[in-house]
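Sharing a structure with you now.
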Amino acid sequence: MEIFEQMESVVRGYIRSFPTLFTQARDHRLWNHEGRVFQDFFAGAGALNYGHNNPTLKQHLIDYLNQDGIGHALDMGTAAKAHFLRTFRDRILHPRGMDYKVQFTGPTGTNAVEAALKLARKVTGRQTVVAFTNAFHGMTLGSLALTGNSEKRNGAGVPLDHVLRLPFENHGPFDGLAYLASLLADPSSGVSLPAAVIIETIQAEGGVNVASEAWLQQLQALCRQHDILLLIDDIQVGCGRTGSFFSFESAGIQPDMIMLSKSISGFGLPMALLLIQPQHDIWRPGEHNGTFRGNNWAFVTAAAALETYWADDHFSRAVQAKSETLRTALQGLVDTHPDLLHDVRGKGLILGLRFKEAAHAGQAAAALFERGYVIETAGPHDEVLKFLPPLVIENAVLEAVVRDLDPILHHLKRAAPALV
Amino acid sequence: MEIFEQMESVVRGYIRSFPTLFTQARDHRLWNHEGRVFQDFFAGAGALNYGHNNPTLKQHLIDYLNQDGIGHALDMGTAAKAHFLRTFRDRILHPRGMDYKVQFTGPTGTNAVEAALKLARKVTGRQTVVAFTNAFHGMTLGSLALTGNSEKRNGAGVPLDHVLRLPFENHGPFDGLAYLASLLADPSSGVSLPAAVIIETIQAEGGVNVASEAWLQQLQALCRQHDILLLIDDIQVGCGRTGSFFSFESAGIQPDMIMLSKSISGFGLPMALLLIQPQHDIWRPGEHNGTFRGNNWAFVTAAAALETYWADDHFSRAVQAKSETLRTALQGLVDTHPDLLHDVRGKGLILGLRFKEAAHAGQAAAALFERGYVIETAGPHDEVLKFLPPLVIENAVLEAVVRDLDPILHHLKRAAPALV
Amino acid sequence: MEIFEQMESVVRGYIRSFPTLFTQARDHRLWNHEGRVFQDFFAGAGALNYGHNNPTLKQHLIDYLNQDGIGHALDMGTAAKAHFLRTFRDRILHPRGMDYKVQFTGPTGTNAVEAALKLARKVTGRQTVVAFTNAFHGMTLGSLALTGNSEKRNGAGVPLDHVLRLPFENHGPFDGLAYLASLLADPSSGVSLPAAVIIETIQAEGGVNVASEAWLQQLQALCRQHDILLLIDDIQVGCGRTGSFFSFESAGIQPDMIMLSKSISGFGLPMALLLIQPQHDIWRPGEHNGTFRGNNWAFVTAAAALETYWADDHFSRAVQAKSETLRTALQGLVDTHPDLLHDVRGKGLILGLRFKEAAHAGQAAAALFERGYVIETAGPHDEVLKFLPPLVIENAVLEAVVRDLDPILHHLKRAAPALV
Amino acid sequence: MEIFEQMESVVRGYIRSFPTLFTQARDHRLWNHEGRVFQDFFAGAGALNYGHNNPTLKQHLIDYLNQDGIGHALDMGTAAKAHFLRTFRDRILHPRGMDYKVQFTGPTGTNAVEAALKLARKVTGRQTVVAFTNAFHGMTLGSLALTGNSEKRNGAGVPLDHVLRLPFENHGPFDGLAYLASLLADPSSGVSLPAAVIIETIQAEGGVNVASEAWLQQLQALCRQHDILLLIDDIQVGCGRTGSFFSFESAGIQPDMIMLSKSISGFGLPMALLLIQPQHDIWRPGEHNGTFRGNNWAFVTAAAALETYWADDHFSRAVQAKSETLRTALQGLVDTHPDLLHDVRGKGLILGLRFKEAAHAGQAAAALFERGYVIETAGPHDEVLKFLPPLVIENAVLEAVVRDLDPILHHLKRAAPALV
């Protein structure tokens, strides 16, 4: 481990939360160099919905490598990309009655967000974009301006402009949508008509805050009324995380653009997409580009993931069932420890346990790591223990983590006075 | 091919220059779906210095996959990353007497640039960054502000601030460094002390403009005198492109930060690094992050590439020899067609043939594609035919492209009047 | 009048609302070139609280001119300025227990606002300033960013940055102060700690919106809690307009800075002040300057005005009595015309009659002009008829305007269907 | 004097350079409270071209006051304004073949500059404005972004954007106009097409730097070629300062907009104008406004000044003759003290004596103050002693100041070693 201390920048983070040397991983399990196994409730920050080294996807990848399939190809035409596009159309878009053009951006979520910002500003000729309290959209300058976290924002070193911040649903007693409506109705409000609203339907980093279907519908209606584009950042909670492929399906909304990344390749390979309603696809060729936007290995595993998991609704229903299992178990903890725990929050397999004392969440995560779980906290004060397992996790593991958490909570309770 | 027309955003670019369906690739060759072979003078925009599906690197990758090596791991500690860090230290940094901390940013060049901008602003407490005419540093908002191309800049849809633009060496008759010095000496110049200067030692997109060693040394001296950080964007011309691992080795300068991406993984897998002089490594943990910053498959091939090609100077000398071969052949074309061609420019295996009539360069590239070459143009008016082959290309192919270009030039000359 | 059409920019405004050629003015009366008299309910947009050509002040000015008193002196030391400072201290600050340093900025309100912005940013080292919906703070770039009116904002032609917009009291159902508190309490709110809050206690251009004393106290408490500076723009409603010299006296708050202009010279001569709590007076000499910041003729009339009207509370009580007279009469109109009129709003001698149909307010103003009154509208939709007479106006005129307005309202009511 | 210490902000400046209490002033003389006379080589920073309390202008002002002429009238139509417009047209514009619309902005130079910036951006739909090294255009945020002085710029506390800085003529060895031309010709230069260029033909604060006629013509040609507006800031060197009414008359250029302030009222009363070529006068009514834009007392003295001094060329020729007298005398000093003095610079009655050692200029100014002269320094290092007398000054005083300066220079020379 000294090599990291010696050679890697102090910016490194997760190695501090999970201080061990990982070597192998499979499905929902990781192993360290001593052969110790860890159960994964982190899923590569949402990039491993189908698990580590998913065997089916891995086989497709190795086969492609063995036949010297073209790997790095920018936005040249390739057979692997054509196959992905057809599969995405047939397995995802068409069955949902969705009509979108696909832009392959640089293979990171923030790159898809930056592309969406540019296009929304170009389409509307406006500059301001609405973002919400506790939002997380990435670390490059355009995305960072949308992000809420003050530590990350301060890193910019320059002002972060062209963003109108509104309260997310249930952020305090304020009705952010009514406020936006009142600003737009008043020509002297000092707020100009925005180009777009960008939103995560569930704020993951923000503390597992779920926007209700009604609120999302109301937001879309307000956007339509004022000709504002609605952009859904489904980077963390898309690709099946909530039980459906897109997180917003149950709300019945039709975003103008959708950002996907993290689990879209299925295998953890870098890949990102921007889905664009056809009337907004007014780019000039090459106006936004990027060296790694043609990661064909990722296209191969992405297509295989869609074929494997999204040809019918088995996978989707399994996720919902597991969600129910985990939620019920977590709710049991809340009932048992009402003095420590606020509530269970989330949807599908992104569930949060909100602590009343922020420090307890971090202590619980650390204690779970000692017991062989990889799990992290979220929320403005890191007060939420975030359960984000690979979707292929087994019920037994879901039950085990809750069983192991119970004595930790008991211990925290006893230790509480000492902490003060 | 219709699937691209139907489903992919109009932003797609290279498929227009190279209108065929590629399926496989190996070393410096690509094949389309009909089995036709193309010789590669593009190298994935510089990401494939060791060729497509490099057999040695591929074997390392397949082995790692087969043993379920951990793939996607953010900045957790992994054996693959530790191995890469040791190899990078032992094969690259130590032999060159270089002492740098390594930051693994999101796996795209623009992400490394954005990280460097943040850190330079944090270290100095200043905001302005000097960038040069015809620079290219990426497409996200911070990097785009540094980039020169007006089409790409207009895509931002918001002002691009906090950048002082200076003429690159030999951009017109202006001595940009003397100008900068005069601005800094005058407290009423209206220009504040910059945080940093960012520069590509060879502007690739900008038209294969080479900064001389003397000019780079003078730039470093000016930076040191005013406590301005010197950032080298070696994303396209590092990793051996110019014959040495870093492009600036012969100039003997010690940049404060260095950005690497494109060919650093060796295999075309997305990966990017920011090298930081230790005294500047003042990040707080997690202050800049990114989901795909731990692409361990890339670390595996990256370490293998360093072991294979940089354990001694054979590879380096081979690149220089090939450069000589290609440059001599291209110079022959200039001598034969002085009415069409300006000069040969570049270094190592990034060489440019500058046309007097910009349109001719594009016509030559298109004609070469018909003859089985993948090659593109560069420069503010796309007036430069850019030869950027995989470094493992064979001399015979270097000679063949020049041989095939000659009749094209003859044809252009004859056609010229008709073009007017 | 053709000379204006021929030579003056189309930007001219009031000449369109009051289309006649004015030649003379005295107290609350203006005369046009045909000798027709107009009663003034506009008071030079608040710059003529003591009336046009106030005889006492005029005599001081003529005496000073006759003795060749120094007129234009920048910020040199002059006897006239010393006299003003002593008078301002003895008649205004000391009796109110206020301790402020006085900065003589360029002689316009917007210049005082720009100075306050600079100083607040310098004192705190922060950039964002909170401004309110419907605010008006001036037309230069810094002040314009604070201003709400979208037509005026669009004139900037560049983004207006570094401002956080909050709803003014009673602007919609949203509690702006609670919202600000929640943003500041949440480190991931995406809103950084502001340098300052700037507010008009009564928004004049914004539609005669009055902030309550309780709300101002709550605002000050929130500012103090977070070390945010509180800046009061008393340019239009200071200098006795509300009955007390400063508009906020009854709220018992102590702003960090106060901007005065418009009626501070007493005579309509350009003059502006920034009052600064001593601990914030950290300017370097000359850091903010301006050619006309030493308008000594204005200092002469300003001191005379303070001596004449603020040596005791007669003037103040007279304003309050006149306010009561006008308010009662206006309320009578509201009671008589509930279908046309919303309410009477305002304080002291800035009173607004809010119409239910915005167009009616403008029609009433135009009809009053035909009957010999100079009066204008305000509010986001110009829906408020704004009564802003010189404070020296006589009760008879206050009653006359209401008497003359009544038949106009009757006429508007009858005409209403035809208007649709 | 203690009242200033006690009550006035530390931002005060000139009272430190000229530490006495002034009471009266007439023509080119000021008196302090002890009756001591000072000769004026400062002219209210250029606002008193016709001298203090000019008797002719003063009589017009007193007459107007005595007849209760309307004083403060915003942009209502008034007889005084109509008279000024006719006089300005007949005495200034028409004789010079100039066709401009007149905008009465807020009565300070910076306000006219801010209006020009807005209008130039509106006319062109672009944002960037070119400004020059050592420029001074004012202290409000838009103007400050154009200003060069770093101390003043730092006062902003926020980034100063949307400006492209170029070297003024003879600022270093760099040809700014050729550089601008090369940037505009290169679509990858990273510099977008500016909306406008703003320039002082003689930089007064910047150190009395004179742009040559040829350079101004070349600048206009470049602007016309690229459809960039040319804005002349004639605030300090217009109104006869250089011998002609506008400073650029001898260059034969036709700016798109011209800013006037300082001496336009003739009497030192605040007033400012923006002159606009008719095709650019596309404001909407009231789009830029300001409370004191209708200072009718200033219009009265302004018209009187034009009638008195610009009905024929006597005044103009007198200024040129005085200039010759002063320049010859100053050149004699340079010839006598080549070790101390660089050169004489300037035109008309703005002449600068540039010292080799910056500190000497300040010492000379202080020594002259002790001998009864009001004079200040300019230039990036305050290395230029700036002679800016009222234009009505007598030859004897011009000769006297040079005579009195000679022994001071001798003394500085002898003292020099001691200063080190």
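When the chains are written out, they are named A, B, C and D in that same order, and each has its own residue count from 1.
In this text, a contact is a pair of C-beta atoms (placed from the backbone, for glycine too) under 8 Å apart; a residue touches a chain by one contact, two chains touch by 3 or more.
This is a predicted model, so every value here is computed, not measured.
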item	value
Intersection of the contact lists for chain A and chain D	B, C
Comparison of A-B and A-C (more C-beta pairs in contact)	A-B
Furthest chain, CA centroid comparison against chain A	D
Whole-Å gap separating chain B and chain C, where each centre is the average of the chain's CA atoms	59
Centroid distance [mean C-alpha coordinates] between chain C and chain A, Å	50
Gap in Å, rounded to a whole number, between the CA centres of chain B and chain A	31
Overlap residues in chain D, where contacts from two or more other chains coincide	127, 151, 158-159, 161-162
Chain C partner contacts - residues on chain B that touch it in the complex	158-159
Touching residues on chain B, where the partner in the complex is chain D	127, 131-135, 146-151, 153-154, 159, 161-165, 167, 171-175, 178-179, 182-183, 186-192, 206, 379-381
Footprint of chain A on chain B - complex, ascending	1, 3-4, 7-16, 18-26, 30, 33, 44-48, 52-53, 58, 61-62, 65-79, 81-82, 85-86, 88-89, 101-104, 106-111, 114-115, 117-118, 120-122, 127, 138-143, 145, 151-152, 155-158, 161-162, 195, 261-262, 267-270, 274, 276, 281-292, 295, 297
